[in-house]
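Order of writing sets the labels: A, B, C, D, E, F, G, H, I and J. Residues in every chain begin at 1.
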């Protein structure tokens, strides 16, 4: 089941750089593990912003929330979820 | 080069049904030809709306505009284009 | 799987009253059948508006879109879907 | 009498974790007591957000405000209340 | 129980003047009857707009919706309802 | 002359509680004095929010600004003023 | 007493040109009479739009509404009123 | 003196095609004449929309409004003007 | 050449009062000097807000930006500029 | 390939002035180098704001993101990118 997930990252300016870097490193590993599993189907960077557009392919709303709320950057992101389905014109 | 394209369809209520059906039929053929060519990489329906989220993979801004403005439903759609690029965490 | 669905109805002022009444009658029957099946779990009227807030309990995004796009009033509604899941404090 | 209540939680990033945890623990107990009483009829998590959609069933506007303003997380939430009533198509 | 109700009137430009006048006349009578009953506690015109701000004093959400949806101008208004209660500083 | 005034209170989270309480106490006295004078005609709490809707009855725009900018909570409020007048249907 | 009034004109595309011209002619005469009286203190065109920004100098909210609702273009305008007063730095 | 001008075109769906084509032809000639004069310094199409972003180089606000309100498509466009000036980092 | 300038002041709550007072004092002197020169033609307070609406009469966009960016409160204001010109109905 | 880029700068008020100045100095050098290369085709200041409107002429979405995310002020800016292409009326 597919969902578009838009993630807008806002790291507080007063977070020490090494803390931020540690979180970003963990985030990257977390993201890549989910990509390898096929659940995080696509991730693209929005040009000019610290934001991504992603497609998730999961079993349920429940699973999607578990994955997203487990993101190391979750407390610093605005996330917008859009439920998708097959388009009648898709080949 | 990738772009997210969101297309929101608003067909006027007073358009005769056979005219609307003819346009939708042409639209579907046009869309599927572009999908087969690889330029219209993905198309998903937004659940509950007469709207799609698509990913285009084209050579240039110019080519994208030519493809979109050629859509039979173009005069009846609100279209929003977002330029995308590779995400540093993408595998 | 649960979804909040907000439906805002805008029937064009120039639709003949008997046409509108016929659509509303079919809509009511359609809605009540889905309610009886358990898929349209709740429906409430928003006070002062021609709008409802509903909770759907369906198998998938796909099924939800099929049900919503089949609504007789679908061409005359703005629909907003929000994916829900269990709240950790729910009893 | 029914109300939809949307609660969007924004805990300041500089709140010490043990303070935040203490507030969340009290919040959970407070919420569950109200759920058991039947006044907080439903609570759902919005997928991908630190936000819930709830349905309250109370005697009056007055009672709803008393319950909501007593929430331990009240100072850290954006709350939006929508008055609901029976839908004519509800079974 | 108190509610603020904001009513924004948009009569279609192609409605014949005598039809519009008839509706407005009925609306006025309907409004004044409710004002006399005490249920429509206050009504004020917003300066420069075809809009009013009103305070209703009714028994329930249900009653408020019945009154509002019975307004002769209801199909031509955007209505926004805000639930109110006693302010702790009110004398 | 009547005005609707909507006051949305946002006290900074790092203000010491005793400072906040002192301001709120002064605010309450200030508000009640104006209510007694008849200038602050009504004040209602918006359900679920730290916000009020008020009606002021004053001599002029000038006087209204003087009263509002003198509110002890003025630096911590978003205030929106709407000029009102008699509604032709008011009894 | 001063007010900023922003008037955004939207004449329906299907209004016959001679009807529109007649209304605009009456509007101009109405506006100039009010300007000569000093009540419509200033009127400026917003560059690139069919919109004006005006300053009115009137006795009361009541008088302002009477003047504005009497505008021949009133049914075709979105009007926004902002109450003004003397600025402490004004010379 | 420079201005960014964003023009969003909305031709009514019921305008006969030959009328629309005639207006667009006149618009093109009008635009190209202004481009040749140097006053309409740049014009770009926004990808995926019937909209342009332009830079005008004119003597005054007055002149810009005269040019824009003279556009054959002016009655069918939403126009937004932004005053620009030299950037301190411009070479 | 005329411009409407809307200035919304947001002084950070943690700025020491004597620093804020010093800036406001300099701001007032700066504003009054420009008013005396005729360049800051009008300044009005928006009722209930720490905001002003002003009219500037300057030679160019360039000059307006120089004046505005030199405001002592410039780093603490949201400023919106609207280019104005003569209205055809102005007397 | 052309893009409009709008950059809105928000430097935190608690950043030490010498740090801010150092970043701005590096930003200016970075910007001017890109301007000299032809990639940052135009940069204009928005009158009255700490914001610029720019036109970039680059090879790809990828290159644009690399240039923008390398801006020394990138962490302190809201950036909005709009893909542009040739306008059919451009001479």
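Heads up, the rule we're going with is that contacts are C-beta pairs under 8 Å (C-beta built on N, C-alpha and C of every residue); 3 or more make two chains touch, one makes a residue touch a chain.
This one's a predicted model, so the numbers in the text were calculated from it and none came from an experiment.
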| item | value |
| --- | --- |
| Subunit E and subunit D - chains in contact with each | C, F |
| Mutual neighbours - chains that touch subunit D and subunit H alike | none |
| Copies subunit I and subunit J touch via same or different residues, half shared test | different |
| Chain separated most widely from subunit J, comparing mean CA positions | E |
| Interface copy of B-C among D-E, G-I or I-J, judged by whether over half of the contact pairs recur | I-J |
| Mean-CA-position distance for subunit G and subunit B (Å) | 43 |
| CA centroid of subunit E to CA centroid of subunit G, Å | 26 |
| Residue list for subunit H, restricted to those that touch at least two other chains | 2-3, 14, 45, 47-48, 61, 64-65, 81, 83-86 |
| Interchain pairs in contact, sorted by label | A-B, A-C, A-D, A-J, B-C, B-H, B-J, C-D, C-E, D-E, D-F, E-F, E-G, F-G, F-I, G-H, G-I, H-I, H-J, I-J |
| Complex interface listing, subunit I residues touching subunit H | 1-3, 60-62, 64-65, 81, 83-86 |
| Complex contact set, residues of subunit G against subunit H | 13-14, 45, 47-50 |
| Contact set on subunit H toward subunit J in their complex | 2, 4, 27-28, 31-32, 35-36, 42-48, 52-53, 55, 82-91 |
| Subunit E-touching residues of subunit G, taken from the complex the two chains share | 3, 5, 12, 14-15, 61, 64-65, 68-69, 75-76, 79-81 |
